[in-house]
Structure formats: C-alpha cells, structure tokens
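The first chain written gets the first letter, and so on, giving A, B, C and D; residue counts start at 1 in each chain.
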Amino acid sequence: MTKGTEPVEGMDYFMQLEYHELLCPVVRRYAEALRAGKLIGHRCPKCGLVYAPPRGYCPIDVIETTDADEVQLADRGVVTNYTVVTPVQYYGQEETEPFAKVSIQLDDPGGALSLQDVLEVPVDQVRVGMRVEAVWAPPKERDTGEIGNRSFGSAAGAIRGWRPTGEPDLPADQIMQAAF
Amino acid sequence: MADEIPTTTHTIEFPYTRTLGPVFSAFLTGMRDGRILGIASRDGKILCPPTEWDPWTGDALEPTLTEVGPGGTVETWAWVETPTRKHPLHHPFAFALIKLDGADTALLHAVDAGTINAMETGMRVTPRWKDERIGHITDVEAFVPEALGA
Amino acid sequence: MGTVPEIAIIGYAQSPSWRRAELTEPQFLFPVISDAIERAGIERRDIGFTCAGSCDYLSGQTFAFVMNLEAVGAWPPISESHVEMDGAWALYEAWVRLQHGDVDTALAFGSGKSSPGTPAEIYPLQMDPYTLTPLGIDPVSIAALQARAMLDRNLITEHEMAAIAARSRAAAKGNPYAQVSGDFDVDALLAEPYVTAPLRKHDLPPISDGATAVVLATAAKAKEVCEHPVWIRGIDHRIEIHQPGMRDLTESPSTRLAGEHAGVGEGKVDAAELSASFTHQEKILRNELGLGDDVEINPSGGALAANPMMAVGLSRFAEAARQIAEHGKHRVVAHATSGQALQQNLVAVLEA
Amino acid sequence: MTTQPCAVVGIGQTKHKKRRDDVSLPGLVREAAQRALDDAALTWTDIDAVVLGKAPDPFEGVMMPELSMADALGANGKPIMRVHTAGSVGGSTAIVATHLIETGRHDRVLTVAYEKQAEGNAQWGLAGGRSGGMGAGGIFAPWMRSYIAKSGAPEHVGWQVAVKDRQNALKNPYAHLQLKDISIEKVKESPMLWEPVHFLESCPSSDGACAMVLTNEDGAKRAPKAPAWVLATAMRSELGTFPGRDPVRPQAGVECAHMLYDAAGITNPREQIDVAEIYVPFSWYEPMWLEGHDIAAPGEGWKMTDTGATEISGDFPVNASGGVLSSNPIGASGMLRFAEAALQVRGEAGEHQVEGATVGMGHAYGGAAQYFAMWIVGSTLDAVANKI
C-alpha cells in the first residue's frame, strides 16, 4: 500500500510549463529570408553596425531599426572563436559526444553569428581563422520552426552548418582580437 | 488577426528533487503513514500544515509534530469549475481552507464534493487517502464531506 | 525618518496593455523608456542609476531580464540593478539609491509578457514548494477563497464586487493604455456565470503584456528640469505570512503597516491607484489604508483594466503621477502588490 | 544629502556541499542567516528589513522565493526585497542592503543569498531547458582562449590558480571541495571540459547560502565583535553582445573598479588592498580580472599568479577562502566574496586569515561578463587613508 517505513526525506516535483509566443515581425522576416536561402540583418543608420539577425533596434544608439535598414548578409566568413563542449548529461540533453560551436564574422557587409555548427571538420581541428561557408538545407527541407524570438544567431533548420571553403586561414591572432 | 501570426512554442520541464529538513520530513512521513501532523507555534497554537519557523515571529520551533484531524471544518472555499492540469482533481471540485480538528490554523487542500451545491462554509470534511502513498501532500487525494464518509 | 530627502517623479510612460503582444519584451520596452526619459526633459546619459523589475518565469526563460538591458542604452556601461519583482520595487530601490546624493536622476521600469504562458500553471510555483505548489493552487482560486471569506462575514457583497468592476471599466474609457473598458450594467454582470465561485469574469484581471517606466530625480534636479514635479512624500513596503490558512484573508496587515509608514493618514487623499487585481481586494485595501468614500479609486481603471504583470504596480505610480500632473489632484496614493491574496504590499504617497 | 557609514557586524555561511540533504530550501537559507545573527548577537526581532538574492528561479523551480521564505527569514511585517542580477547577484544584493543603511532608511538589515543547485540542474537552467547547452564554461572558454593568446600567458598559470584555491579551501571548513591531494599534475590530467578549461579548473556545483547583518555606526558600537566598514560600493552593467564588444576586458568591469577605487580613495589597488575575494569560476579568470580591474597592467596579471603574489602569503592574496573554484552556490557565490573580504578585515577568517589585513575587496560578475558588483571593506573608516 505505502512505500517504505523509513522517514520520508525527499520530494520530487516535476515542473512542466508550455509557452506559446507570437513571433515578432523582425524574426518572422528573418525566418522567411532563411527559407528563401538568404541571411539578413539590420544596419544601424547611425553607427553602421550590422546586427545579425535583426533585433529591430540598435542597443548602442538606442534607436529603432526597420525594414529600411535591412541588409543581405554574406553566407561566408571566418571563424573568430570556438568552444568545444563535453556535454553534461542534464535532463533533456540529447548530445552525448563532444561538439563544437563557433562564432563567425561574416564577409562584407559584415555581421557576426555565434553558436554555429561546423561540418566536415573533426571537432579537434576547429580553429580560429578558418574560412567557412554556409551549408544550406535544400529549399524543400528548410524548416525554421525552431527559430523563436530569443534564438539570437540561430539559422537552425535552414543552414545545416558551416564548412571550410578551402581558402587559406586568416591569421588567428588578428582574427581573435578583431571580432566577437 | 493575431491568429494568423506564427507562434514559437517552447516547453520547459524538469524533475526537481527536493530535500526536506526535519519538519517537512516528519510531516510527509506522516502523510505516507496516513496521519496528518501539525507543529506547535511559540504561543502554543497548533499549525497545520506545519511551518519550519514561527510564521509570526520567525522564531525556531521544536520539530516535534502532533497529530491533528483527520476530520475538519471548511473555513472558506472556491469552486473550481474547470481544473487546470496541475490541479489534484480533474473534474469540478473545491479548493478549501480546512481547519482540522485540534489545529488552530487551516490547511489548504481540495474537497471532492461532486457539486457546488454540496459545498458550504462550516461543513465537516474528512480525508480520502490514496491507496498508494509516497509521502506527499497529495497522499490525501482530496477531502470529502463527512456525511459521505471517506 | 523625518529627514528623508525629497525625491520626485519627473517622467513616466507606459505601453498599451495588450492581450497578446506581437513585439518582444525589449522591443516594446524600447519606446516606453525613451518616452519616459523624453518627458522628463533629460538626456539618457544623464541617468545616474537604473533599476528594472521583471520575472523569468513569465517568459519561461532563465535570465530573461538580460535582454531587457538592450532597451535601456547600456553602452557605454551604466550603474544598474534588477529586482525579480514588480517594477514598483525597482522604483523603491532607485528611490533609496538617489538619497545618496551623488547621482540626481534614476530610471525605474517594469515589464512582463504574461501571454506566452498559462498564469494558472505558472503561479503555483510561487507558493510553498512542499505543501502548496504540488496542489497546483492558482491565483484565481486563492482570490476566490479570499472573496468568500469576505462574503461569509458580510464584509462585501457580490453586487458591490460587480459595481467595482463596472466603475473600473468605465473609468478605463479615459485610459488609452487600458485593455478592458466600457460601460457595463451591474445586474448584467451579475447574471454572468461564475468562473471560480464566488468570482465571475469581471472580478478577475485581464491577462496582459506591457511595460511601464518612471524617471525619478532629486529635489534640485527636479526643480531644474520639471515644471510640475510629483513628490514622493512617503513610501514603504511590507510582507506578511505566506500560508493562506494562517492569515485572516479578509485583512491585509502588511498594507496597513506600509500605509502607516508611508504617511497615508497624514493628510487628505484625493485619489488612489491600487493594485487590486480582484474586485474584492479593492475593499480590503481601502479599509487598510483608511481611504473613505470621498477618495477617487483607480481613475485609470486599475489592474482590472490593464494587468501587465511586473509593470502593473509601477503603472500605479505612473497613473497616480498623471492624476497630479495632468488632472490637478494634490495628494494621491499608489499601491503595488506581490504574491497571492495581497501577501506583500508597497504603498506610496505622491503630492503636487 | 549625506550618507552614514555602514558596518558589517554579522557574517554567516552554511557548509557548502554537493547536496545538502539535511535541510529544506528555507532551512539552507535560515542556517546562514541564523549564524549571521548569532555573530552579531542579535535576534530576529532586531532586524528591520531583509534583502534576498539568488540566481534564476528555475534553478530550484521556486518562483519569487521571498514569498514562501518569509517565515524562515522572520520577515512577517517587515520589508523584504529580492535582487537578481545574474552571477553578480550575491554582490549586488549586499550593495542594495548597504544602501538601506547608508541612507538611514533602516538601522539593521539582514542580507542573504543562496542557491540549492542539487534541487535542479544549473546546466539545464543555463540552456533554457533545451538540449545542447554550452554551460557557463562554454560561453567563457573562447574569451579565456583570447586572453591566453593576447597575454602570452603560459598554460600552467590556469593550473596554478586551480591548485592554489583548492589548497586555500583546505583552510576553510565551510568550503565545498576539500581536495587534499590536489596538484598541478592532477589539474593538468583532469578531463578537458571546454578547451582550454580542464575539469579541475572549473567551479563545482554546490548547495549553500551566505548572510550578513549590516548596521550603522551606533549599531557597530554595540556589536560584540569588530565590524568591517563598507568603504565603497559600485555596480556597473553593459550590453552582453554587440559587434565590437571586448568581453575579455569588459568596459563595465574597468569602470566599476575605477568607480570603486575613487569612492574608497584607493590610488594604487595592488598596494592599498590587502586581500581580494574575486569571482573566479574558471581558473583563468584570476589573471583576467586582475587585469580587467586594473590591479595589474594589461598582460601582467598572470605574472602575479605565476610568482605567487596571489597566494595567502603573497603581497596580493586572492581568494584565501578557496573562492568560487572551491564552493559555488551560484546566487550566494558573490555574497561569499563580499563576506569573506569582510571576515578578513575583521580578523575573523580563521585558518585562512591574511595577517594584518585592514583593506579588503569583494567582487562578483555575471551574465556574459557584463554585470559587475564590487565593494571595499576596511577594519576602520580610515583604513585606506592609513595606507597612503
């Protein structure tokens, strides 16, 4: 009937909460562009910094940005830094093997994406200065359903990852200091 | 119009594991054993559910618990017509503050009375225990009107 | 505390209260903060201290408040803090900070998006994790327990509750930020079914998304930049016992204490903006604050008309200040609350 | 407007452990708070207000815990606030409490911070409940790599910090990790978690709490033990991500330090600060913050570690308590830095006491190295002036 006769010393609590949020206009437009095979960002009309993906404002000049400030971004760039993560097995973790996430400074007109996946390179050979290009999913397989209002630089579902272009590396010491 | 806007969905879920300390350990052990326990406050009131410290003064309390109930009186109640998925019952029921016999404060719990017409402030209720108890506040599945028995 | 330096509200702004905002929290905070600063007549870079109020669980995102910093202008770096509480407590922290005298202006804001989640499932996490959270006890049910305790003791009637709803909604017709407004017949409201008896839909606040920002200044600065500063004459906040069954739910001793320490009774009150999320709570608050029938309650419509969690308490400051700055009132009370059944309360007295 | 001095007259902390299975959440907080009250020889009724801090609520699954902890904190009928500024929260919570004393708002304030990591999982929390989380180390690893590349620091400096802080922890009975056989070799051979960070160069996951009782001059006179005087506080925040940001030496950190030194009258931090408790969750953050807060010149911080200057016996002891590398109840970790600095200038640090310390610094940072909270405490109100 009851479990045990020892004192009860613990209690489990299973929390489960669902959130359904409207996608904000700039993220909707960003996701549409991804499905069309394009990366877009906003260029601040005041300071000229490029935000990828667009945020709808420049937090530095504290001005709002609009579709008029939209720029198409390059889908090539250089790895400016990386992390190799040995996954901790927390609840909901699906990763079991070490994986790499990289930051990429995009070619002109600029913009930077973080937490990107690298393809076709063993984890231990990811390096700063490596030239990479986007590997797009075929148009029919592009699904941006995972991209939400707080997905930051995610292009998941449209860009599968980034692979080496084969070009020579850029000097690592310069690249690492240049961009985050 | 809003319905046409795509939504982004995310679920956060996690199985938390709580440790209890002496007071809640004793209280939930009691629940597992089919007994509802209270604690004496500094001025001698019996508090159920027990608190770890005197809620009025913050003073330490002696973690020796005493049995209260099982029956009690409904002090106030709310009729839940549409339960949420987090509620203890999945058909219409009442949440109530129940002053158990021998206690000086009221326990918040569910009352399974069938219909709102069966509910009344001052009514007598008694716990309906679950068959399988694990040491949890919901080991009492709900209180039921004393007239119906447990 | 007789020598508390004078601090004034010199600017305030709110977003509309939306049932479901299309913009993200930092996106809709953005114009609100800019607007409040502009109305204060100061430059963003002049702000000496910033404090925000928000809640991770509303959006289901750890560190959700970090993104809100983007709406502030935090580059170059700023002196800044955050409370996981309603923006009214952010204002309190900013009010304390200004009393040092080394900075002369402060920005407080609160923001929240309740629409993505299910409040009835989220708020049980605010209750005692051992005896209450596992029962899934939700805000409406706790409020209903409180309302029935009042009804049983003849401290209020369902008719009075409906009349409070009708008055609030009618008042909200003049509030461009309100979500629920219009003319409603009390008898028609009473003919509606219960949601959670004894509460009907009109007894409940709407679910809202929104933001509020308030700019504070020291006396010297306020007089320099503002023609009609609104003075914070007193402010205090108190908490009481958590377990609903260990409180007399028909009273709010924490509100009474906060009101006494804020000096509510030291002069005639013209109006009060109260965070009464449920109709019956307005009556408890009036009693505890000693507000008579001659005091206009919630000229904005209050929380029953617009309820953006984490901003709604700070909105009471904005609306109270509006009553003074734009509607010629002299002395107005602002009130904010946290927790269930009025467990924690903040009271301030604002004056022309 | 004038402010009045604020004194720390009570300090308490729990034994920090992987899992404190003997206490509830409020029980953990209460243990530290009661010790702080006992240290100050005060009772619960003596406290005017409470300021509580912790990291995100989803770490334990309790929303706005000040509500359900009101009885544990003796807060009925009192003001209580809840601060949350990411990893710096323990520090900013103490600063908010300090303001309540400095402005004369209250006479005696209890400030408390905690985390009970074992109830949940911080890696889960940091990942927003999603798979593929990076962990804090994953966010900070690239910046540590950049620091190493830019400063030319040899890799053994990270191992040295890891060993030094664990050896210090052996002198602190409250510290979580008690690694008696810690060595450079062991650190170096421990698994690589986030290159360049090894397992033993990372903070543990701890249950723990910290509390302090703050009061004014009058209260300090009545206290049974020597107070620590709060000589200066500073908080500074910046945006976490924008093109061109330098997260290795964040501007907010530089400005926070200079605000702090100016307010305390410190003109040469390395000379005038006797002991520092710096938030170092990963070994490389010791030299990074020594430089990031202009205690050492750019590129020189690692040399302080390498030459032993940051050891208890060195000229600038850092984390004599064992630091975050030895105990990490996240929300409390910042307050522990502040409290340990205060313990040092009170001469109450026991085995890890830095002899003759009269000026101490407490430091915390959080978010994407974007939130900073710091304070300077002294054994007397003129402790800094006496150095010059």
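Definition applied: a residue touches a chain if its C-beta (ideal position, glycine included) is under 8 Å from a C-beta of that chain, and two chains touch if they have at least 3 such contacts.
Note that this is a predicted model, so its numbers are computed, not measured.
Considering every other chain in turn, the ones in contact with both subunit C and subunit D prove to be A, B.
Centre to centre, using the average C-alpha position, subunit B and subunit C are separated by 30 Å. Computed centre separation for the pair subunit A/subunit B is 45 angstrom, with centres defined by C-alpha atoms. Computed from the mean C-alpha positions, the centre of subunit A lies at a distance of 37 Å from the centre of subunit C. Residues of subunit A found to touch two or more other chains are 9-11, 13, 15, 17-22, 59-60, 91-92, 149-150. Of all residues in subunit B, those touching 2 or more other chains are 2, 5, 10-14, 16-20, 24, 28, 51, 55-56, 136, listed in ascending order.
Residues of subunit C in contact with two or more other chains: 20, 22, 57, 60-61, 69-70, 74-75, 118, 121-122, 125, 128-130, 132-134, 241-242. In terms of which chains touch, the assembly is arranged so that all chains touch all other chains. Of all residues in subunit C, only 1, 3, 5, 55-57, 60-63, 65-66, 69-70, 74-85, 89, 92-93, 96-97, 99-101, 122-123, 125-130, 132-133, 218, 236-242, 253-254, 257, 338-340, 343-344 touch subunit D in the complex they form. Every residue of subunit A that touches subunit C in the complex is listed here, in rising order: 11, 13, 15, 17-22, 24-25, 55-57, 59-60, 62, 64, 149-150. Those residues of subunit B whose C-beta lies close enough to touch subunit A in the complex are 2, 5-20, 24-26, 28-29, 31-34, 131-136. On subunit D, the positions that touch subunit A within their shared complex are 21, 58, 61, 121, 123-124, 127-135, 138-139, 141-143, 145-146, 149-150, 191-195, 239, 241-247.
Against subunit B, in their complex, subunit A makes its touches with residues 1-4, 7-23, 28, 91-92, 147-149.
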